[in-house]
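Two complexes, one shared chain (chain A), two partners (chain B, chain C).
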Partner chain A sequence: MSPEHDSDRADLGHPDPEFDPHALNQEDFLNEVHSFEFWFQAVEGYLRDRPYGHAEGEQSSPVGVADLGQSEKDSLITTLCNYCVGETAALEGASGMIAIAPNRHSKIFLATQVADEARHLEVFLHRLRDLGIANPEAEIERRANPTLLVFKRRLLELVRSGDWSAALLAQNVILESMEHSAFMVHAATADPVTAEILDGVMKDERRHLGFGENDLGRLLADHPGNRARLAGIRGELDGLVLAVFSRAADDLATDRSMRADMGREYLETMDRLGLV
Partner chain B sequence: MNNQASTDPITQAVTTEEPRRTFELEDRGFREVPKKWRKFYRHWEGEDDWLGPNEIICPVCKVVIRSKRELRVGDRLYCMPCMSRMVVVEAQDGSLATEVIY
Partner chain C sequence: MADFLNSYSIQRWLELCPQGYLEDTVYGHEEGESEAEVLLADDDLRTDAIRSTVQLVVGERAALAASSGLVNAAPDYPSKHFLATQTLDEARHVEIFTQRLFDLGVKKADLESTIDHFANPHLVKFAEVLLEKVDSGDFIAGVVGQNIVLEGLAFSVFEMMETSNRVSNPKFAHTLAGTIADERRHVGFGENRIGSLIKEHPEKKSEIEQMQKDMAYHMLKTFSLSFDEGRDNVDKARDVMGDVGSADFHGTDLSTATSEEMQTVLEQTVIGEFKTRLARIGLEYQAPVGV
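This part shows the complex of A and B:
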């Protein structure tokens, strides 16, 4: 353990006035952010006292539900069902990736991601129950977007094939940026309880998509020969991504500028990685 | 010693640059990283928000990254919330931007 880590522990609650994270060397930085300890202290900061993703005081009744119109409620149920599909894909994808991750820090990071994805699935299932859905599993089956199911199947095939870079691209870059964009657009117009749940989920997704882009970026810098093959996989998945975005935007009844916002993050990420 | 330094063209180039402003960072309610790191980040607060000379937006996760010093081209920064490393560059319009370094 580096001296930086020791001082982190000692300084918790008594910050060292000279401490500057931007002065860390890259190895210490990566060790820090991929650690279980970092994850634990981060989620503790924004999830404490928020069972099922929102403040306890608001939980006595299914808050916000009474204020929703029938069609608004129906759209929210469809959207949440598809979030559950996406989160199940992320949970199964991330857990499968632990076995094929090439190093210890990726395995540890993915273990924290698995816990995050399980929590996301749980809070969305809980919100579905708030909305009067007695059997969320059956409802998810009924309302799941078929294109998202195809994406999930393809993602899990890539994970099972043991292809780390392709799995990382599909799971931690593509799926994560789809989810983060959809949640961001949705949170802007959602009822307050759903918005608070989404806000907590997005904080987790920031780590997942950042891990994906940076780890894949390092991999491509070390092995540029992989770029063409991965660009091909991106091309193969692109149609599914666009179809998922389009359907999600319909469900959320988003306007044209918000639709553009949804796809922008994904396109910018691909651009930075040179997967065009 | 000082006189010698001022006649050295390289040192002179550095010393004629405006001195950097420094900033006392306060906690802005950012909770996504362990306590020690929190004052170095904040959330963007929408249209009426503005960036200080020591602040820049992470291109990956859109969180505002903060430094104790005024930012200059070439500075290296870390975004702990999304684990990105970046360098400050000059954008086409002359403003400061960032480029992710993998």
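This part shows the complex of A and C:
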């Protein structure tokens, strides 16, 4: 097993360090990893003693905020406001998908994802208050990236249409991949509290992305006729995702190589599914 | 409003539930606990346990569909956060009661057919009335139906089952104890959040009261059919389980009560709870007719 896989397994937080769910047959694998019990074990390791996503001692004196210049602080506020837009989309998308999920395992996994997404929204809202934003909801409305709002609207249309594979692609692959890429680049240069919050959020996103890739991969293997239709949806959403990245990179004033990292991870995920 | 909703945050839920009363549990009970041997050894009692557990799964599946469906309709972030925790609570309930069906010998391949076979048709109708409101995006009616009526029903049924299983089947009683703690939180949210919304939208009252009346009708029919189906096994269960001591549920000793007495005390308890909770949010309980 590669070091990367070792790290993934540590994120699972399973009480047995030798436990490898991938060694199970498919039915037992789904029973194991798409369960409340599994989610509970996974999040326990990185959420305990981290109220609102960061270590307790940092709660009243947000490390790093005092060191930020006015312009950096303003950029961070804009970035966090857009994370809230993305997480609201993820929350509403995941909760809407429970009704159309084709089986019990998927419904239960999505319920854990709903709680994760709501937690992300809550910790980002809390961070905005740390930064002195008294009315985060109004600030989000003022600073929301219009392209991200278009993406959100399109995602929720796909969910409402009841098209499971399209919703899964848009929510658990494209949106999760977009968020993970943006958070990863941001965490590398963020203040310590924001970086710690993002680290916990990314652990969740990896789980959501894993569910999306695995389920969609199986679905495409069983129904290859869906590939062209889903590639069309990917093509439609790619433009929005790359525009969101561009604006996010501007907000964070990231350098050229980090901008490239953001887009590359996203495109690699899409290519793994063969949706070209 | 915001202050009270802070106590329903994800952070509070994490501390209270997964890191609180569910800590060190497996599928809601202590590790190593199993169903009572005498129950597993007797086909009639085991079938009866499967039938009653199927109703719990049906109810919890409806609650999962309703709470997740209401997230999008919620008018503010704190309500969305709370409903997200409730969605996960309900999924956990689906999971632990489904696991109980497996523990009672239902094969995984037979799960859906077993549920279809034993599901009480009135309980299915009860869920349909609620989900119609959720599907139409009616947040106020949806929360009253879900967090006052369905949760109020579940709360009393779980309490009654927990009381009667405390000595004879501690594993199941422990499973129920965690769900009761969850339901208490859900009912509390419903009362606190909806009271103010009903004051803002008095025009919704009659429509919501009609929904409550329809749900109460199907609930009472569910009780009636369920107690009928289980009547023959009440004495047998007592013989097999032996003396488990008294089990008081709102003044009725469940260890000696007849099936009719148990049905009466459950109906009175649930309806009493409905009246109290509906009054707190400015609604009056509507008694169904023809049942």
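The definition used in the following text is that the second predicted complex is superposed on the first by the 253 of 276 C-alpha atoms of A that agree within 3 Å, B and C clash if a C-alpha of one lies under 4 Å from a C-alpha of the other, contacts with A are read in each partner's own complex, and residues count from 1 in each chain.
As a convention for this text, contacts are C-beta pairs under 8 Å (C-beta built on N, C-alpha and C of every residue); 3 or more make two chains touch, one makes a residue touch a chain.
Values in this document were obtained by computation on a predicted structure and should not be read as measured data.
By the touch criterion stated above, A:R272 is placed in contact with chain B alone, chain C being left untouched. Shared-chain residue A:F38: touches chain B; no touch with chain C. Residue contacts after overlaying the shared chain place A:F211 against chain B, while chain C stays out of touching range. Judged by the touch definition given at the top, the superposed model places A:A221 against chain B, while chain C stays out of reach. Shared-chain residue A:Y46: touches chain B; no touch with chain C.
Using the contact criterion defined above for the overlaid structures, shared-chain residue A:A115 touches chain C, although it does not reach chain B.
In the overlay built on the shared chain, the residue A:K203 is in contact with chain B alone; chain C does not reach it. Judged by the document's definition of touching, chain A residues 37 lie at the interface with chain B and also at the interface with chain C. Residues of chain C touching chain A in their complex: 9-11, 13-15, 18-19, 22, 26-27, 64-65, 68-69, 71-72, 76-77, 80-81, 83-85, 87-88, 90-92, 94-95, 98, 108, 111. Interface of chain A with chain B (complex): residues 8, 11-13, 15-16, 19-22, 24, 26, 29-30, 32-34, 37-38, 41-42, 45-46, 203, 206-207, 209-211, 213-214, 217-218, 220-221, 268-269, 272.
Residue ranges on chain A touching chain C, taken from their complex, read 27, 35-37, 39-40, 43-44, 47-48, 51-52, 88, 91-92, 95-96, 98-99, 104, 107-108, 110-112, 114-115, 117-119, 121-122, 125, 137, 156. Those residues of chain B that touch chain A in the shared complex are 31-40, 59-61, 63, 67-68, 75-85, 100, 102.
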